[in-house]
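Pasting in a structure now, in structure tokens, and then I'll have a few things to ask.
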Amino acid sequence: MRPSGRTPDQMRTISIESRFTKHAEGSCLIGFGETKVLVTASIEERVPPFLRGKGEGWVTAEYGMLPRATHTRGNREAAKGKQSGRTQEIQRLIGRSLRAVVDMKALGERQIVLDCDVIQADGGTRTASISGAWVALRLAVDTLIEKKLLTVDPIKQKVAAVSCGIYKGTPVLDLDYDEDSNAGADANFVLTEDGNIAEAQATAEGETYDEEALLRLLRLARMGCTDIFAAQAAATGR
Amino acid sequence: MRPSGRTPDQMRTISIESRFTKHAEGSCLIGFGETKVLVTASIEERVPPFLRGKGEGWVTAEYGMLPRATHTRGNREAAKGKQSGRTQEIQRLIGRSLRAVVDMKALGERQIVLDCDVIQADGGTRTASISGAWVALRLAVDTLIEKKLLTVDPIKQKVAAVSCGIYKGTPVLDLDYDEDSNAGADANFVLTEDGNIAEAQATAEGETYDEEALLRLLRLARMGCTDIFAAQAAATGR
Amino acid sequence: MRPSGRTPDQMRTISIESRFTKHAEGSCLIGFGETKVLVTASIEERVPPFLRGKGEGWVTAEYGMLPRATHTRGNREAAKGKQSGRTQEIQRLIGRSLRAVVDMKALGERQIVLDCDVIQADGGTRTASISGAWVALRLAVDTLIEKKLLTVDPIKQKVAAVSCGIYKGTPVLDLDYDEDSNAGADANFVLTEDGNIAEAQATAEGETYDEEALLRLLRLARMGCTDIFAAQAAATGR
Amino acid sequence: MRPSGRTPDQMRTISIESRFTKHAEGSCLIGFGETKVLVTASIEERVPPFLRGKGEGWVTAEYGMLPRATHTRGNREAAKGKQSGRTQEIQRLIGRSLRAVVDMKALGERQIVLDCDVIQADGGTRTASISGAWVALRLAVDTLIEKKLLTVDPIKQKVAAVSCGIYKGTPVLDLDYDEDSNAGADANFVLTEDGNIAEAQATAEGETYDEEALLRLLRLARMGCTDIFAAQAAATGR
Amino acid sequence: MRPSGRTPDQMRTISIESRFTKHAEGSCLIGFGETKVLVTASIEERVPPFLRGKGEGWVTAEYGMLPRATHTRGNREAAKGKQSGRTQEIQRLIGRSLRAVVDMKALGERQIVLDCDVIQADGGTRTASISGAWVALRLAVDTLIEKKLLTVDPIKQKVAAVSCGIYKGTPVLDLDYDEDSNAGADANFVLTEDGNIAEAQATAEGETYDEEALLRLLRLARMGCTDIFAAQAAATGR
Amino acid sequence: MRPSGRTPDQMRTISIESRFTKHAEGSCLIGFGETKVLVTASIEERVPPFLRGKGEGWVTAEYGMLPRATHTRGNREAAKGKQSGRTQEIQRLIGRSLRAVVDMKALGERQIVLDCDVIQADGGTRTASISGAWVALRLAVDTLIEKKLLTVDPIKQKVAAVSCGIYKGTPVLDLDYDEDSNAGADANFVLTEDGNIAEAQATAEGETYDEEALLRLLRLARMGCTDIFAAQAAATGR
């Protein structure tokens, strides 16, 4: 049995509160159970140096964890003077995942920055971040369309992410903190609405795993993402 | 007239949502109008090196602004690799303000860290942080009392803070962003419930001001803090 | 009685040695008793990015403490790789204080940087820095006037600063180190020659203070600044 | 056709020069074609703080790229003052991969640091690093066994890594730089000699991919790792 | 007797493997006995800001030591976030030494960066770096000449460097690690092929030395550099 | 003719004001003409980690340049967040030079830190620093002897430093800024009172130099150091 009493293929409650802050062009507070992430999308009418003058846009992400989002307080990265390797790895993953569903030519020479700040952590912060980032991005792009700054929608489809793992020998969906810290394998899948994979990352923790396990985890992820796509649709009307 | 339509001595709506996050020993989401700050209080059973073995506690604070808390996105301090002078100045002020109402001997050899993270900014983030930090601190100390780790309450009284300034020649209470960016003088007062001053900071912006103006701003601050003390009482039952 | 034998309203000896270094456009070595600060004013024919092309000038300050300016050696900030929060807070205060008496339009699109380096510390380094910075600024601006690069004097009036505090229950002027480390309240006032306030900062140390105490400290500061204005006049012939 | 003329399932020439440097307890220069990585294994008789006194060892890795390992010179990370997110992501991956095949209890309370420095880059630097790190680790552990500091071999089996990707629509093994910069999907698999997976990472570049593609890439990786295991065996006599 | 059995005026074996890496315009792996340094020369068609538009070129150097180049592992400078004083001192010396034999006007407005990375250290890493840097520079400039980007050879002559020291009272040439860590004086000479001195640095270690000793060390250095010039000629055909 | 009108073997006026600051155990303001350096010696009853428990002392130095010590303002290293390579090279040289005349066993397990801060620069700041550091060190050690914390004097003899160079073809002593920026070779010699050499550094600037030139520069340095030793004696009564 899972500590939370969930069945192996059961997601935690997904909650998405759109337009959580007033300044950002797009934003939401996404919850996967007790994990809560505030995501904002900021439109900037400029692109990174390597893209200047190419007529293409860019989507990038930053990730942070409030110091007391966790069971015990962690040091503030701004005070330490650098972002951890974990933080950088996660923000690179979020950026890549969102770029997988955006047509950069259609976006035009502008950048959208997705800030994912974890208010409360209980496992799955990176997958909640990716799933919430799509909502914030969608809302931000909608403002560009409303203002007729875009005529073609640059977002090709939905993207969502969920973690899966092998907990006490059983593949389970959407690990919470209790499960995550005891999982035998830990995977994160970023899936698109058309059923494809944008990113798969599966790491052995303690014991290595076989191809069959990888496939079972992927199938669980598909089930979870179906739920997330529905929540994203409800939150954005798309 | 003030941009918000408020009278000169009128605070914005004060909202305090206690226990906003589940891991911190004390927490709240405090709002002064559209300014929203999440404050957590973390109890650590150790003190900074300069206090070790002295039987005294410590209260300190850290402050941060989410990148898109503001009208335009600011760079993330963790990514820049350092905290700005403004951030450091504010977190030092918050720490001093709270220490003014805590009996460090009674607290015992432990530290309470107050993290103030601005979710949305519309002027007055440092005063909202101080006012909310008292709530988080109060709730955290209450858990120590409930667990009988403390027998004497180390919190001597309430402390609150509010900004005042001279807007278009008129002293006004609790500046919002529109006023703040046009104020002729900008003051922050940290007051205790017994009517005393823990900290007064009044800066000329553009024009210097006279003693009479300083006193009028202080009197406005007293009115504002009375409202904040009431909200703190409602939020903590103290 | 004060440790130094001074009366409560007595300043330490103010010494100002103008043109202490030969390269800077303006400079002085200012002493408030044993506190000695070297201030240089450097004219740069450019302004920070946010002012470019606006036809306005800028005045800013940096502050440093030589490692052995103090009783025991402090670590060199350049070696630690960052300026402390205290350093940043002080240099921001110095810059604001000087800007309060400068007409930026009249200064034209150039920047004056005030470097305040504490050679020896005995309390009041920030107030000596501000008072000396006015002298260095005055001398530097005079060179611009002499060279006919300026036709209108951009300095509107003198500005000076002094600390006051409550020592053993008595409000006293110009705290030295022995008093400062035992003061019940610690205030810094930045006053202009016309009797106005550019900045007031009063912090409770240990005990909070009341409005009456704030006013008494302010009145002491007025007395001290009168002496400093006279010393500034003697040092600059203005 | 692949730019190199290789068949889709053909690895580049694998070269491993054992004991390339004289100070390290274990070392090799590994080549996957023109990609050359120098790996050293350093035994330290201490463990990170979180493991002290637990009787367990640790294996960790650091990764670096010489400035001119690449087509155009990159800035030296030591001069920039920080490691890039890419560097941190890779060194975390290398460490995890090697830990997957080490019994930390059997290793005892000591740490082995694997330094992977890229001398020349032509795609696949992280997979060559992992594969070479196993060799360096094996040689270092062998010195502990020879000195009778270990009686049980803590290395459970071989581990190797290889990249695969979809190049012009065809799944291919062991991407070189020309292929890597044009691949439609980019995957890295870390496999153990018993046929299991230690880590799978597959990223869409430009286009997302389906489950079938993931499986085909995994099968190519198995073929490549078989070759690498043979080269590791030849280089270590194990 | 020297630990290595060499006579006092005997160099270690000098080995130079030209064009060690394929991307750099010039490169070599230079060995002074067991000391091995990889040097690459990178041509960049731009110069530092202080030279822009002056029609002159620049030659600069960076130096690094792989973490396990030494007997015990040293921390990676990129991970520590800064280069040590020793590293900076050495790379400044290498740059100066090479600039002493280059005609910057003839080089034209381009920069050549010499990266010296120590693969294995056994004393004399800075002198091997300088001597190898000349080879890499020569090869890189030759590519410019071959491409007819240069018509006049900007390299005026050869430059080489060697260390000397007083070991157990006897002046000896080309100290290895065992000698270096016990030398009574430690000198590095950078000499040009025409018999002149580009840089002399002689440091007392433990005991100061006299003028006669300085001259004897210089004469040993001349002997050593003669050997190095020959090896440079063999490696470059110049 | 030299710009200053000095003869080739003429030092600038050497001024040493002992005990310039009150907190340091030893201090002086040393002037070589218009170059002015404040040196303090701080005694610390602890040694760096590598010396703990060995019964030996340590002498080290730090160097800094006030931002406007120079013709145009330089950036403050504390604000930039790191010390330049030049700064580190100089402070390493100062420390080595002083250690050459101190018996570390006799000093006992304590450290003396020499802070050399350039108030005004006109060439020769490193040589003035070394020469002044000996004075500050001497005064600090004298306080240990007076307090009977030391019975044997750990300072073996005087040490001084001076620069020499080839200016318009003529070897000259004690270069000032005008000469330094045009010198054909630039040398710094650190000499001991017994006529020996603690450190010799001679760098070609533009043109290389021969052995004869090196010797002529060394002889000039001997003449200059004779003057400095006399000034040190006058300043310390030793």
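Labels A, B, C, D, E and F are assigned to the chains in the order they are written; within every chain, residues are numbered from 1.
Just so we're on the same page, a contact is a pair of C-beta atoms (placed from the backbone, for glycine too) under 8 Å apart; a residue touches a chain by one contact, two chains touch by 3 or more.
Chains and their UniProt names: A, B, C, D, E, F = Ribonuclease PH.
Bear in mind the structure is a predicted one, so any value in this text is a computation, not a measurement.
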Chains touching both chain D (Ribonuclease PH) and chain F (Ribonuclease PH), listed by label: E
Smallest number of contact steps required from chain B (Ribonuclease PH) to reach chain E (Ribonuclease PH): 3
Copies chain F (Ribonuclease PH) and chain C (Ribonuclease PH) - interface residue numbers shared by over half, same or different: same
Chain at maximum distance from chain C (Ribonuclease PH), centres defined as averaged CA atoms: D
Separation of mean Cα positions, chain E (Ribonuclease PH) and chain A (Ribonuclease PH) [Å, integer]: 50
Whole-Å gap between the CA centroids of chain C (Ribonuclease PH) and chain D (Ribonuclease PH): 59
Euclidean distance of C-alpha centroids - chain E (Ribonuclease PH) vs chain F (Ribonuclease PH), Å: 28
Residues of chain F (Ribonuclease PH) whose C-beta touches two or more other chains: 81-82
Circular arrangement of chains, read from chain E (Ribonuclease PH) onward through chain F (Ribonuclease PH): E, F, C, B, A, D
Chain F (Ribonuclease PH) contact footprint on chain C (Ribonuclease PH) (complex, rising order): 21-24, 27, 34, 38, 40, 42, 44, 62, 64, 66-73, 76-83, 87, 113, 115, 117, 119-121
Complex contact set, residues of chain C (Ribonuclease PH) against chain B (Ribonuclease PH): 82, 84-86, 88-89, 91-92, 96, 100, 192, 194-204, 208-211, 214-215, 218
